[in-house]
Amino acid sequence: MNQDIIAGVPLTWYVWLSAILFAIGVTGVLYRRNAIVIFMCVELMLNAVNLLLVAFSRFHNDPGGQVFVFFIMAVAAAEVAVGLAILMMVFRNTKSTDIGFLNRLKF
Amino acid sequence: MITQYLFYFLSALAITGAIFVVFTRNPVYSALALIVTFFSIAGHYFLLNSTFLAAVHIIVYSGAIMVLFLYVIMMMNLNLDEEPVKTNFAKFGAVISGCLLMLVLIVALRDAEKMSIQNNISEGLGTVNYLGQVLYKNYLLPFEVSAILFLSGMVGAVLLGKREIQ
Amino acid sequence: MKLTNRSKVVSNKEMSIAEKLYLPGIAKGLAITLKHSFQKPVTTKYPEQKREFSPIYRGWHVLKRDEAGAERCTACGLCAVACPAEAITMEAAERKKGEEHLYREEKYAAVYEINMLRCIFCGLCEEACPKEAIFLTDRIVDAEMNRNTMIYGKDKLVEAIDNRVDVSKRQTPAVAEFKKDKFHTHNQTWQDRLNAGHDSDHH
Amino acid sequence: MSKFVYLIPLFPLVSWAIIGLANRNLSKSLTGIIASGSVLASFVISVLIFMEKLHNPAAETVVLFDWISVGSFSAKMSFLVDSLSSIFLLVITGIGFLIHLYSTGYMHEDDGFRRFFAYLNLFVFFMLLLVLGDNFLVMFIGWEGVGLCSYLLIGFWFKNIDYSSAAKKAFVMNRIGDLGLLLGILMIYQTTQSVTFQTVFAKESLGLFSTEVVTAATLLLFIGAMGKSAQIPLYTWLPDAMAGPTPVSALIHAATMVTAGIYMVARCNAMFTMAPLSMDVVAWTGTLTALFAATIGFQQMDIKKVLAYSTVSQLGFMFAALGVGAYSAGVFHVVTHAFFKALLFLGAGSVIHAMHHEQDIRSMGGLRSKLPITHATFALGYLAIIGFPYFSGWFSKDEIIIKALENKPIIGYLLILGALMTAFYMSRVYFMTFWGKFRGTHEQEHHLHESPLSMTLPLMVLAALSVGGGFLVSGYVEHNLATVLTDLKHEGDNHSLHTMMWGVTAACLAIAGYWLLTVKDKQLQADAEIDGLGKVVYNKYYIDELYNSLITKPIDAIANFFGSIFDTKVVDGVVNFFGLGIHWLSSTMRRIQTGNVDTYFFAMVISIILILLFKAL
Amino acid sequence: MLSTVLIYKALIALGVFAVSLVIAMYSTYGERKIAAFIQDRVGPDRAGPWGILQPLADGGKMFLKEELIPGIANKWLFILGPSISMFVANISSVVIPWARPMVMEDGSTFHFQVSDINIGVLYVFGVVSIGVYGIMIGGWASNNKYSLLGTLRASSQMISYELAMGLSLVALIMTTGSLSLNDIVEKQDADFCNFVYQPLGFLIFIICAFAECNRAPFDLPESESELVGGYHTEFTSMKLGFYLFAEYINMFASSALMATLYFGGYHFPFENELIPSLGENGVRILGFVLLMGKIIFFIFLFMWVRWTIPRFRYDQLMNLGWKSLLPLSILNLVLTGIIMAFTEGWLKF
């Protein structure tokens, strides 16, 4: 079955898929101003990378890639918890999730 | 060849979902589209025979992270009227640069196929046993460090979310 | 003052560990509900089974006629005054010649209405009536779809001549005995009065 | 028993930690109990170790842990237990305990009670580290640590500007000496590749030294000793250090810390023996200091100042002993001096306590009936210091004089003169304080009272030691210290008992002379004009002023030049040039930082695209 | 060959689907009957003898009711919500082994499990964790503040209790050493069930299961007294029916899970002694029947608790979840780990 996958779906396809998803995520971050959606696009980018890692791990027969995916998931979960808490605080103060509001962090 | 068709289907679903995430104006729709994308990525994991990872992916991303997102969006009760919109120029730039990045990425990674590919794929690569062995033997320290990361993330989230006592 | 033996003195003492765990409390509650599920149901399956009424059940009012069939009500309005829910309204009218067999006194209630939505079935009207004209009976007031139809007029209140409502159970033996004494005008029917030649014309 | 030696410094350290951390949460009495108790515990262990060393004088090393290990260099945190360190342990913990006890009474009304005990415990810890260390580095830690504690305790009442500047003076003077010590240690390490005593003093290591090197090294070490032990020219801090509370003066500036120099020189006796020139320097410095400080002692009016100069003088005696090669005699004098000088200081403290912090002996007089215990014990201490026969001072001081006469007769005679002077000014203090009429204010007289038991008890114990200490220790000095200290032997007949009378004669002569000159005729007149030579002496030969104009002023001038001209013009100019340039640059660049996350991300993406593009093509 | 397997699997799946639907259907009837008994009443008894046709009547009523979609509601999501709930509820019982594989005389074996996934526990978890979307989407799409409040309550409640549930299961998985439900059942046998060694874990699991199913005393998302029905306020007709039905199917699934994980699944005491008289397959059938009995007991327990214990307040619910159950489950995990470390594996295995 594994040989099937390799025969049927070349690694390049996964690379392309990941690249497309990643690029869409980047576009989303640039395109939107809603901080939450931007956050979601970041998650999308992380997932694109995850997919690529799993694909490489499978094709290179190396479990390291899948372990990395674990760590990325852990980091993403922690990041979401803290990030959403920060967004909630920002929303409480500004009543908005527009990142244009956040340029006050500059010097 | 069924795997190929599955791959096409899941990829189409993932890309459509991702595009919806970016271009729908309602954040709730964005979140729902992202969930669809995540599910199709989980499907890809299944295709790649990483069932354990697929299950964890669903539990973590769909079960926890996206629920949190939806929860926050619903709690903020964001309306379409308040949805901030960029200028057309900025949007155009964003799309262009996104496409450029995609092209460049594909070009940069065009040699991926040629990288050393093992022919003898071990069956148990994606199983819990195998991953557990690797995770707890070779990556024990990062594992513990990520535990600390979680703890600090939890503390941080609780502290941030707490209303200041007046 | 202690009204029942079931009252408990509330105290703010610290809960013991067993109480803090709540599990014994939950088990106790479950035991109680389980015990109840084996007890006989108290349900009365209504259309098939009906509950017994008390002899002095207070239901649908009746405006009584006397033995000779004349309406006893004289539209004095005491029932309306006594009514705590202000459910009773009436209009009085003068008895015309030839109507003596219909109305006992010179004055009668041309309109007599009880709003059953307001009525609380307390029975004060019955107590207030000097003519023993209104009684509450063991008939149940029907449910209606409409507010208007809940206002009962004389058509629903006055007993039919050929289908008298028995209210004797609501009367004490002393009252029943008293009613036999025809010497009192109170107990005389219009025919008694004709016979006695006491019939007084209205002026 | 020796393997438990680490407990000795541990107890005061723990006590310091407890008191220092708990601070206000500890009641005063509990603080006193903890502080004194910890030192008492150390004392008990010290006694046990001492007893063991009495029978088995062989040196033992107790290694605690590897401390520094860099390349070939390694220093262990390890303790050396031998006859020398064990007797020092005994003195430090024993007298330390008595002074802790005394302090619970003396400091009882003070706000900084707990702070005081914390410092005191810390001092005891460092002092123990100093004498226990089996290498120069551990000793150096202790050396610096006691300097720090000395600084803290001199400036204990830091709200008084004079006191805190006295503390600073002590610290700076000590630093000068410490630099010498450090250089000496480095020199030794350079030569022998080791800092451990037993390695350095082994025959093969000593063979590595050339005469010049060993002379230089020992002289550098001696500079350290001069600073710590207040020898000419670095002695001026010690009289000023009397600003600290009296128990501190007794413990640190009489009994223990100032003898660190003696300890160090004695410890390095093997090296000093190899350098005759250094020995001469040590001997002469000590002798001169002994005489010089004694002369100042003649005219000082502050009871503690007199005792301070007497300390300097006695330290001079000790160095003279070391210089003539009588190492064990020097150490012997350290021990007996610790007994009677601590006693005298504590007695003076008791007097000061009774006089409500009046320190001028001109205001005292006739206190013997008011403070009977203090007087009796002070008198015993007085007899001990002047070398009255069969008191402890007599044994050690005459031992020194004998050895000096044997090895370097001139120094011997000068030391006899010194002993004479010692007797003379000590008599002056004793008689002016306790005899005659009371000369203070009426109010002071009204409040005169004997000190509480916690203060008099140490006095009595120390008095007993001052009387009998000589008997107790002399045997030990003769037999056991010889394992560590190699005295220079003078060939010739031993006529010790014969010459011992030198000191006695000197002492008796001095008392008699003083009696004739002052007490008998003038009834201790205090308001006598001081003029001429007396004035010079009263002002301590203007040494402080001399230092001020010779060293401080020129350095000030140079510093002024660099500070006000070079620094502002050249250094600041360069710094400001860069600062202004960067400020200009950053205020220009700041425009790029819009604060808008979008912009940053956009820039990031574009950059990544460019980088990947270059990589891909 | 493949097609026969597929057909067989499809049949099993259909069977499971049917059984869960029927049991859920009769759970609604059971709930009303049990409530009636506990309250000394009779309960539904008009439709058919003892009212056993009542669920059919209810279903018919649900189908025939007027279909209302509020004008301001989001139509697609409004329909999607109950669908997801129903779908997720139905797929959760896929991994449960219903009976020991039967061996026929000709040597062919029949497995009574739709799919033996080697990470069955994780599968259940994943399904449970996406179950919340049905409620979230439906509640949000209603565009009603009560629905929204119910939705928020439901999602935070489910996320909170999932943690304690997961940790209590981790302890169980540590003792059995496998994520596959089949293995977990097979590790238990006639004399032994996991409940004996994981009583605290079971207690935590059952409490969390109550919360995950939105059952009393954790039914705050649909509390009619404060929220007018919570997330399904705006739903009518069969869409409402789906939500209610999904709840009962979930109850069935979690009862089946509890029976499987903690009470030996299709194992029962003295099963080995019965083999001579009943034969291997007879015992297996009896095991299946007894498993159903266990499941029905747990469903009864759900209802029994519902009609006994009053509803929590929301802060009490959160306190219980985060401050009591989570630490307790961690404690359980640590204790299990310690005991395992000291006994060289679990007591039995």
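We just call them A, B, C, D and E in the order they show up, numbering each chain from 1.
In this text, contacts are C-beta pairs under 8 Å (C-beta built on N, C-alpha and C of every residue); 3 or more make two chains touch, one makes a residue touch a chain.
None of these values were measured; they are calculated from a predicted model.
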{"item": "Lowest number of touching-chain links that must be crossed from chain D to chain E", "value": "2"}
{"item": "Greatest separation from chain E - chain, by CA centre", "value": "D"}
{"item": "B-D or C-E - the one linked by more C-beta pairs in contact", "value": "C-E"}
{"item": "Rounded Å distance, chain A centre to chain C centre (Cα mean)", "value": "77"}
{"item": "Chain A and chain E: spacing of chain centres that average the CA atoms, whole Å", "value": "33"}
{"item": "Whole-Å gap separating chain B and chain E, where each centre is the average of the chain's CA atoms", "value": "29"}
{"item": "Junction residues of chain A - those touching two or more other chains", "value": "26, 30, 33, 100"}
{"item": "For chain B, residues that touch 2 or more chains besides their own", "value": "56, 64, 68, 75, 90, 93-94, 97-98, 101, 105, 110"}
{"item": "Per-residue overlap in chain E, given as positions that touch at least 2 other chains", "value": "none"}
{"item": "All touching chain pairs, where touch follows the definition stated at the start", "value": "A-B, A-D, B-D, B-E, C-E"}
{"item": "Residues of chain B that touch chain E when the two form their complex", "value": "28, 32, 35, 51-52, 55-56, 58-59, 62-64, 67-68, 70-71, 74-75, 77, 127-128"}
{"item": "Residues of chain A touching chain B in the complex", "value": "1-6, 8-17, 19-28, 30-34, 36-37, 39-41, 43-44, 47, 50-51, 54-64, 66-67, 69-71, 73-82, 84-89, 91, 96-98, 100"}
{"item": "Interface residues, chain B side, partner chain D - complex", "value": "90, 93-94, 97-98, 100-101, 104-105, 107-108, 110"}
{"item": "Chain A - residues contacting chain D, complex", "value": "26, 29-30, 33, 99-100, 102-107"}
{"item": "In the complex, chain D residues that touch chain A", "value": "590, 593-598, 601-602, 605"}
